[in-house]
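The two complexes that follow have chain A in common; it is paired with chain B in the first and with chain C in the second.
For the complex of A and B:
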């Protein structure tokens, strides 16, 4: 955004973004296309694109500026309508936005969400040779802006896709909260026997090195050909473009801010690995895909559920806050085996009284570990026994984010007692009895 | 071909401009915390593989050059180095903030070239799909425009300067997979572009040398092979713009430019003759079965591996495919270069002596019949895997057809620096491949940065007068243009003197020794410094320096070089004793000096001997 001063001038001079302008500054003349101003940078600088392709910023102070030509003002991305029909397996592609669906407009320099899946297919025409892909444009929002309301829309769309005869579903999604959505869909979608594959990109698709292309190819392959009847995330397994992992929806977690292989399978092997030549190798037990006969979306969700993190010096007031705000469920991300401060030197810092209070008032409190890897245990230390005695439910080897989504879903669809009982029982692979040696840091 | 001396560049409509790329010597890379200096013995700690694709460019079109690279469907392998690679080079982490040290050096260079600095710099991405960067683009920032460099009273316009990241170096290229070393990626680099008004090949060379000098004078540029590279743009009136990429030796630029002009003139002549003959390019035919029993070895190897042989006729091309357009270069070589883009080894054409390959007359006659080749026609054969061969024939026929249009706009690489020849690399990229780097913020150029840049700007006149005082007028002129200037400055500054001697050694002695085959430029500067220190402290004589240098090129240490060649200086007490023992055998002082010097020329300083005898004889 330009400063008010520059904007006023542009308005009065009839100059719009994209117009060709001449700027004379300190006896030097620049000619080029007026670019939009990104958020960062100096308020009194005008940015133009020179004929050599470079953008430069010229100080507006003491400069003369005039319009010498009109330019295009709208951005548009090329599109590709995929070939439909034929004998290939039918895959519904639910488009929701995110980095995989955001693209830089080369003309204006702005990053935009692609508005249509067809704009994404332009870069990966080969997916039409893997499956009969039906694009469904659900929404165009960033990962961090997702909420349970969107999970519900996606679950309903997947249900409809299966009812309409899809063999598999691919969901393109922003990566930051993809594992929350994959957990939500794992609980919400019932009675389906086909792959539901979430995928995204760590590099936007305007660059030739984007992981969007290969992730889309591998995910479409998984949806069209794999025998997995579960929800999962399919993305890069390493920084190389050659191996893609399919991770169970309740076990996936984004473990790196920027790497292509950010998603790891925690406390569970990946279900399968795919190569671009079509080979799929299965690694762990999974629900098999079968003849598709629809699906059922159970999408109730209690939004008054929160995650609370315990750490040295953390005050228990936060529990009280949620109680006052009438929350129905809390997932604590405890330390180690599932601790919060309990026997503190300063008495007011113990979480125990507030937790007891919360449980007594009817809030379901679940305990997970910020270690992420491993299982919580209510018995090893005295402090743990006190917490468990207070009614805290220890959530086994379930990820904190998954436990949060599960509790919200349980409270949205079951009575409190039932929800409380089901929280640490395995429903869709989010908890398992045995922890294996080779499941750590892979 | 037009004889060289007859070229009238002006009437040919000659246009030539340079893009000089110079690596800066900063401690860190441009956008991450990796060392910017390359290790002398780099260790590869792993590798990753990537595929890249051409994406729709600024105008919604996929850049032609980018698409060409993508069509080659290469897999890129990137080697990872302990000290010089982090996630940023691998495109696994967004860039860190711009290296301000590099920016400041680039601003000083901009000042020396009288460029107008912009008020706020905007980082851009320049699309590259040849794999030379894992991100598929190169980050580049324009700093200034509209400057000039002075050359013999004339002022050559500098259109712009940019600060950018270095790309990866090719380590290995094999069918379908190219391996790059990532240690080089992200080293700060300045690009300086001249306008296309350079009037002759010699001027191109001189401008390059002058810019190179200014860069070296900053004392903040990397030295050694590959640290400075020029892209040379050449065109003539009815030809096309051709960019010769990555020229590393400044002194071959004139030859490269001259040869490019001759190549374009020759291609235009060929075009005119083809048009007059109403030439055309035939359809590609799969002739694999025709050669199924062939004894031609290069085809046999292909056929035994299940490959195919394709051929097409070039009607009216006879004699022209083999016409020389440069030293050892023909139209056929050009067509072959295009075909190689699809992963085949090259082509065979009928203007070559086919019997050398072992073709029988009957094989050729029958092939001609299949292709419909008549008296004035030529033909081309391509062997390779099915997909590669067809792709290659498409590229080759396109190139052959273009021979009737004229000179294609291309990016070319140096094939042989000695004879100044180039080969086709890829079509010249269009202008539609630059877009903003959204991961970086623009940077405001402050007046403090400008005044600091002015203070540090290299100044040729100032430098020349310093050099004149240190090393004498003649040496100064030569040093200013010498690639060894920074070495000279390092040595003289550390030794705090000896300017004239160091200059004489680095200029005359080095040139002399290089001519006799001694690789003096490969001697590490630390060894040279040690040698000059030994001279300053009187441990060796001036005459011994040449012998020490010779030994150093063989990889010896300085001490070892002196000891093994018995180059220790004889002086003082020892010299006095030597004089006393030799004295009686000779009548006159002159005779004595001659005798001693002929025996101990490398060990004795003539001056010391003279003054000693003067005292002794009283």
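For the complex of A and C:
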């Protein structure tokens, strides 16, 4: 919202966001489209988008403004058609929503979803020279509203894309929960030939600083050309456009609310790095792209699974609550090497009896660390051994979010005993035996 | 545990952990104290501690072992007395437990607490030349069992130490929850003259690789000499012993389960770096050490506060649960910029009605991000504005753990309205207005 003063003026002059205005300040005259106040901007500075696409902020103090055209003219795309066919590798692009498929709504200042995912390509004609891209409008869901139901739909769509002959698959997705979806697809999808690449944007595509188009190019390249036979996330590796990383789906985590390079590979180096000129450098062991005529989606998922964080002062009743609600699995985000409070001096604050009871009643309880980096280990301290002795499964170097998704998937497709056994065994690269010294904060 | 084969042999030969043994392998003969199996080691490799203090692993295959002395000889400390008095700055050392005050119990392979905290100093006579250290045996509590009750005891002890004339205070503490305690002390302690320094160890003091002594030296130096008037954590800044960081208590987080440099400063650079030669380099703005005759501990704490994590598939009933349990405050660890599921397509999965209801019933609800780095912002997306409109307080760039501690402290000392207003206002450096580009993953 602009300041009251500016708003009052706009109202009285009949000027709305999106209208074309002329602003005459002491030094300059500007003409362009009136934008809503920029996120971090001074509320006495008017922002307009110039015809060259750049935004400028002009102090309202001492400036004159008049309306010279009306409209709701959203940043317009040249109407390019995607070139199809030819000898390029075929890539299916599954569109699911999120910032990469959204633009600023100049009326409300909020962000809205694109009507047609094809619009995404209007600004990246380069894509046509990398792959024969088939856009599929799967859903239009904000990242925060993704759930196991959507994971299943996406997994089935990826299966179908491979069966229909795609070489690789790109999935555009909101960034907030992209790593949960990438973990889910890592477990759900089997026997596919080339990578399933999730990508998104931290800035909407109408902004000059948008990472939407470069992420799309790098991801399409990965899907079309890389030798990786895994699910992963491909986004900026640094704030600039020079390097993109492909992170294993079970190792990725959004570690920053807004940076373009927010996704990091935890406890494992990125699988590969890509440059926009087409070079791909492989960094860590991975499953190779191979021969397969299709793919198989195994999409069972037990939704009665939860993440429980343990911290000083956290009451163990929460375990009882989930037991009463008939939950089948719990992933504890413990402290350090995998602790919960077990003190006997604070009455009722030890988690041990509640955890024992939960395990005895058939709930699978896994332990991860809220440190995120490193691995849990039940063998160092006495208190840890008590938890482990109560039947808690220590999940090695697996991320809490990945362990949650894995346990839901296991309980949805296997009997309890088997799910319990598989929880801390490596299935798709989510666990490894030894940690490397240089895998911290990279 | 060693392999069954080794265990059977030890049993039959009457050899126990801690006994002095001679092992004759093909190439060498070793004599030393039999150790438990090393954490990551092969279970067919016997570990002994040589008289020089180093451990060696010897393959049991083809080796002969005999007992040449019995005992439970724990790595012995030279009995140094701490020099007291003189003209050096006086530093109170509050001992609370944790790995820094623990040693391996060779009988069980677990770790036990030191009986006398003074033992800590037997190996660091250097301390006597830095400060006039007064060790105070406050409690012996494992990190995971710390709770608001202990925070209060520690805050009161720190107050007393300053009143008794201490220039600075060092608190030895388990590492797992040290950042919760440092946040609590940051809010609880007022008007003290020089730093309150929490420190600990990632390796127990009987191990050659222990960081206990170097952390203790750096922390004592900070407490005795630095110009910082804040609560903070001082530990290794890198895996080697060359640099130690002093991190503001509300910005610290344990980011690795086992590395010596596990503690990182989130969304703010470390306040200062120290070297063991006594040099201190200041890096960011901080409250200066000043004149004060004592300190004031304001230790009210509302324990009916919880952290709630939102993620795909997370059911909003959890909010209802805490409401039923008469909780007064909730800190949500949302996704990205501060989201929870708000979808209307999945019946009963939107958090919005439950959050609205909680706020209306008087619960203070704060929003933080599980990304950890960056800041929440309710103004970018429509869904966020809905949450903000429901009365959720967006906690800027504050860590979830810090927000939890802050809310408990606020509700323990202020009326609801005031606590609610103060939650996203900066009190002690836990929030700042602008994020710096280089404060990611350092």
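As a working rule, the second predicted complex is superposed on the first by the 353 of 442 C-alpha atoms of A that agree within 3 Å, B and C clash if a C-alpha of one lies under 4 Å from a C-alpha of the other, contacts with A are read in each partner's own complex, and residues count from 1 in each chain.
Here is the rule we use: contacts are C-beta pairs under 8 Å (C-beta built on N, C-alpha and C of every residue); 3 or more make two chains touch, one makes a residue touch a chain.
For clarity, every value in this text was computed on a predicted model and none was experimentally measured.
S.K.: Going by the contact rule set out at the top, does A:50 touch chain B (first), chain C (second), both, or neither?
M.R.: first
S.K.: Look at A:25 in the shared chain and tell me whether it touches chain B only, chain C only, both, or neither; answer first, second, both or neither.
M.R.: Touch status of A:25: first partner only.
S.K.: Have a look at where A:209 lands relative to chain B and chain C in the superposition and call it first, second, both or neither.
M.R.: first
S.K.: Regarding the shared-chain residue A:240, is it in contact with chain B (first), chain C (second), both, or neither?
M.R.: first
S.K.: Of chain B and chain C, which one contacts the greater number of residues in chain A?
M.R.: So, of the two partners, C touches more residues of chain A.
S.K.: Is A:59 touching the first partner chain B, the second partner chain C, both, or neither of them?
M.R.: In the superposition, A:59 contacts chain B only.
S.K.: For A:361, select first, second, both or neither according to whether it touches chain B, chain C, the two together, or no partner.
M.R.: A:361 contacts neither chain B nor chain C.
S.K.: Regarding the shared-chain residue A:258, is it in contact with chain B (first), chain C (second), both, or neither?
M.R.: both
S.K.: Going by the contact definition given at the top, which residues of chain A touch chain B in one complex and chain C in the other?
M.R.: Correct list for chain A: 109, 111, 239, 257-259.
S.K.: Spell out the part of chain B that touches chain A in their complex, as residue ranges.
M.R.: Per the touch definition, chain B meets chain A at residues 48-60, 66, 70, 87, 90-94, 116, 118-122, 124-127, 129, 134-137, 140-142, 145-146, 159-160, 162, 431-436, 438, 441-442, 444.
S.K.: Under the touch definition given earlier, write down the residues of chain A that touch chain B in their complex.
M.R.: Counting only chain A, the residues touching chain B are 25-26, 28, 30, 35, 38, 40-42, 45, 47, 50-59, 76-78, 104, 106-107, 109, 111, 122-123, 203, 205-210, 213-214, 238-242, 257-260.
S.K.: So in the complex, which bits of chain C are touching chain A?
M.R.: Within the complex, chain C touches chain A at residues 39-40, 108-111, 141-149, 151, 175-177, 180-181, 239, 254-259, 261-262, 264, 303, 305-307, 309-315, 317-318, 321, 325, 333-343, 345-346, 349, 369, 371-377, 379-383, 385, 401, 404, 408, 437, 440-442.
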